[in-house]
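I've put the structures underneath this note.
First chain A sits with chain B, and in the next complex the same chain sits with chain C.
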Partner chain A sequence: MFPVLKAASYILAHTPEMVLNNGTTQTTEKIVNPESEYLKKVSSSLRSFDEVVSYPPNQCYIGNITPDELKEMGMPWVGKAVEGASTLGKKGEIYPEDVFIAMIKAADAFGLVILEKEFTEAVRPKLEGYKINEKMKNLPAGVELAKIEEEIEKRGAEALLFEGKIVGCVERAHDIDVNLNAHVIFENLVVKASGAMAMERLFTLNNIDPKDVDYVIECSEEACGDMNQRGGGNFAKSIAEMTDCMNATGSDTRGFCAAPAHTLIQAAALVKAGVYKNVVIAAGGATAKLGMNGKNHVEKGLPILEDAVAGFAALISENDGVNPIIRTDIVGGHTVGTGSSPQNVTGALTTSVLDKAGLSIKDIDRYSVEMQNPDITVPAGAGDVPTANYKMIAALGVMRKDLERSEINDFVANHGMVGWAPTQGHIPSGVPYLGFAIDDITSGKINRAMIVGKGSLFLGRMTNLFDGVSVVIEKNPGLQEEEGSISKEEIRSMVAEAMRDFAASLNQ
Partner chain B sequence: MSLYDGKKVILIGDRDGVPAPAMEECLKSTSAEVVFAATECFV
Partner chain C sequence: MDLENQRRVLDLTNEYGAENVVVVLGAAEGEAAGLAAETVTAGDPTFAGPLAGVQLGLRVYHCCEPEFKNEVDADVYDEQIGMMEMVLDVDDIIEEMTAIRSEFTKF
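On to the complex of A and B.
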């Protein structure tokens, strides 16, 4: 039997100070052009927490409005607000920066994060308002600001700011090793904290006992390790520890933005093979990408829209007869020999695999591709990424004669979706739809969806190759008898036959 | 004679548009010299 996609969760942490101090667009500009117009304007281009919460794509990300409802609101979404927007989502939550900093402290297993006294006491009561475990509420007494300033100035600690003021820092974990410097430790703690927050939401919102989880696969784009094993890992185990998955082990999977889709397939395979019953896939977010396209946004008079660290988690389990099945036999992949042209890439991920499964391009009701929010990418000149992907799939459909040329726009409208996910690399890649897919498939709105993840491997300078994988999830036909097993009816018949034989022997 | 014949070319591809290796492939039918080719990612 195929494994099922049981639940998915999504979190955002609004981090305006990290946009300014940790986003690489801003930190690079401070080095190469410290007097730039952009740097003068960026601080005043940041959104408030309320604006971030009510921003329609963010409400969609945490499950409070559907992609169809988001589409109906019409682009651009910037400047619009969802009525009755909440930090609490059906599938996740949006957190303010002070709470996120407290979570970074909770993620700190080596005493490398120091928080200021007053900040600590101000945020402590806020944590009580969250249904999080005791580990995540762990907030030791803070220190004097002078101690933090000394760490930053004399020992290269990474500053943590809230509302323009230094409220803490992340210290380096080694005097020489660049893999353990304050900057790397900070980025890694952000991934761990945001990944753990997504897993906490997964468990709490879906009444899942963390002790039932057997294995966790983490699929972000950071690497933790030291000079002797840069990228040794293991974020997964550290997040499992933070979220009380006492019976779980885990490992990290990397593949740039495509990693979540790879991980979904791996988790499904592990469950299908019977190695584990419950596998969680999870990823935290990246501070480096905050404000990545900020120059274009500010130039066009827009606010900085890449102002939140994101995380996600999903649970893949044994077939329950209800939730959508993951078709481990309908898996596509960009291979070494595929080639790099857009047709080859999209063909390998969609049409090739559909051919093998005997499906038409229209048999997939929804394609979840790179679901980047076009509010962010269009002003930056990168175009509407999901729509571009759907047009390419449709074009291949025309070439296969699955579609008429005149049907391309209808195909894009009916089988595609608008993008709603923040440009956090791996976060928008295929997986933002997992939560909605469970609802849409179990409610009968659709029968089948394809999750497509793509990754820019060439950024690592090890290969010029692109990458991507895809997998189909579909309506659960219900629990069926395994071939070779005996049904209740057959057992009843066998017992009846034995009774008849026994009765016959008594009469002899 | 192609527009690119005898030219030195810098190729910047977009991961969600046309990647650099695909453009490089197209230029093989010309005598252009690709001096730099890279694909960028903005997401």
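On to the complex of A and C.
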């Protein structure tokens, strides 16, 4: 039997101070062009927490409005607000920066994060109610600001700011090891904290006992380790610890933006093979990408729209007869021999695998591709990424004569969706739709969706190859008895027969 | 255009001479193509990379422009670029590229 996609969760942490101090567009500009107009304008281009919460794509990300409802609101969404928007989502939550900083402290297993004492006491009660490890949640008393400032000035600690003021810092974990310097430790704690927050929401919102989880696969784009093993790992285990998955182990999978789709397939395979019953895939977010397209946004008079660290988690379990099945037999992939032209890539991920399964491109009701929010990418000159992907699938269909050229726009409208996910690399890649897919498929709105993840491996300078994988999820036909197995009725009749024989033998 | 590609363009131009270099772009949007074209002709508009303030004035074309398309084997073009040509706003790209070339290309 195929494994099922049981639940998915999504979180955003609004981090305006980290946009200014940790986003690489801003930190690079401070080095190469410290007097630039952009740096003068960027602080006044940040959105308030309320604006971030009510921003339509963010309400869609945490599950409070559907992609169809988002589409109906019409682009651009910037400047629009969802009525009755809430930080609490059906599938996740949006956190303010102080709560996120407290979570970074909770994620700190080595005493490398120090927080100011008044800030600590103010934020402490805000962690109540979150199901994270009690010991970790119990923040130690804070320190004087002078101590934090000394760490930042004299020992290169990474500052943590809230509302323009220093409220803490992340210290380096080694004097000379660049992989343990304050910057790397900070980025890694951000991944751990945001990944754990997504898993916490997954468990809490779906009444899942963390003790039932057997294995966690983490699929972000950071690496943790030291100078002797730069990507040694293991974010997954550290997040499992933080979220009380006492019976789980785990490991990290990397593949740039394609990693979440890879992990979805891996998790499904582990469950299908019977190795584990419940596998969680999860990822935290990246501060480096905050404000990545900020220059274009500010130049066009827009606010900084990449102002939140994102995370997600999903649970893949044994077939329950209800939730959508993950078709481990309909898996596409860009292989070493595929080639790099767009039609080869799109073909390998969609039509080739659908052909093998006897399906046409129209048999997939919804394609979840790179679901980047076009509000962010269009003003940056990168276009509407999901729409471009849908057009590529449709154009491939035209070349194969599955579609008429005049049908391209209808295909895009009927089988595609608008993008709503933040541009945090792996975060928008295929997986943002998992939560909605469970609703849409179990409600009967659609029968089948394809999750497509793509990654740009050249950024790592190890290969010029492109990468991508895809998998189909579809309506659960219900639990069916495996061929050759014995039904309850048969067992009953066999027991009854044995009892009759036994009774008969007593009478003799 | 990222800093490393700017470095490559500059190195190749220094090695072979600006009159012998043609840059072929594959950007998906007119605006992005225009920015890259501007970088290799008038210099890096973001003033961040090796081409900041360097006016190479190179010949630059997008792979969907007829000047490039007419130079290559039609079957290979169809196999490698045909699908994307259907997807991209080719008119917008041509407009952007023509404007940049007419203003900044020296050859």
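By definition in this document, the second predicted complex is superposed on the first by the 481 of 508 C-alpha atoms of A that agree within 3 Å, B and C clash if a C-alpha of one lies under 4 Å from a C-alpha of the other, contacts with A are read in each partner's own complex, and residues count from 1 in each chain.
One rule holds for everything that comes next: contacts are C-beta pairs under 8 Å (C-beta built on N, C-alpha and C of every residue); 3 or more make two chains touch, one makes a residue touch a chain.
Bear in mind the structure is a predicted one, so any value in this text is a computation, not a measurement.
Colleague: Which partner does A:425 reach: the first (chain B), the second (chain C), both, or neither?
Modeller: first
Colleague: For A:456, decide between first (touching chain B), second (touching chain C), both and neither.
Modeller: In the superposition, A:456 contacts chain B only.
Colleague: Figure out whether A:388 sits in contact with chain B (first) or chain C (second), or with both, or with neither.
Modeller: Both: A:388 reaches chain B and chain C.
Colleague: Would you check which partner chain A:372 touches, where first means chain B only, second means chain C only, and both and neither mean what they say?
Modeller: first
Colleague: Of the two partner chains, chain B (first) and chain C (second), which one does A:466 touch, if any: first, second, both, or neither?
Modeller: The first partner, chain B, only.
Colleague: Applying the document's definition of touch, where does A:33 land relative to chain B and chain C: first, second, both, or neither?
Modeller: In the superposition, A:33 contacts chain C only.
Colleague: May I ask you to decide whether A:346 touches chain B, chain C, both, or neither, giving the answer as first, second, both or neither?
Modeller: second
Colleague: In the overlay, answer first, second, both or neither for which of chain B and chain C A:292 touches.
Modeller: So A:292 only meets chain B here.
Colleague: Kindly classify A:405 by the partners it touches after superposition: chain B alone (first), chain C alone (second), both, or neither?
Modeller: Once the two structures are laid over each other on A, A:405 reaches chain C alone.
Colleague: Residue overlap on chain A between the chain B contact set and the chain C contact set?
Modeller: Residues common to the chain A contacts of chain C and of chain B are 341-342, 381-383, 388, listed in rising order.
Colleague: Please output the residues of chain A touching chain C within their complex, sorted ascending.
Modeller: 28-29, 32-33, 295, 341-343, 346, 381-383, 388, 391-392, 395-396, 398-399, 405, 408
Colleague: Provide the residue numbers of chain B that touch chain A in the complex, in ascending order.
Modeller: Listed in rising order, the residues are 14-22, 25, 38-39, 41-43.
Colleague: Report the residues of chain C in contact with chain A in the complex, numbered from low to high.
Modeller: By the definition above, chain C touches chain A via 28-29, 31-32, 35, 46-48, 79-84, 86-87.
Colleague: Provide the residue numbers of chain A that touch chain B in the complex, in ascending order.
Modeller: It is residues 257, 292-293, 339-342, 370, 372, 377, 380-383, 385, 388-389, 423, 425, 428, 454, 456, 458-459, 464, 466 of chain A that touch chain B.
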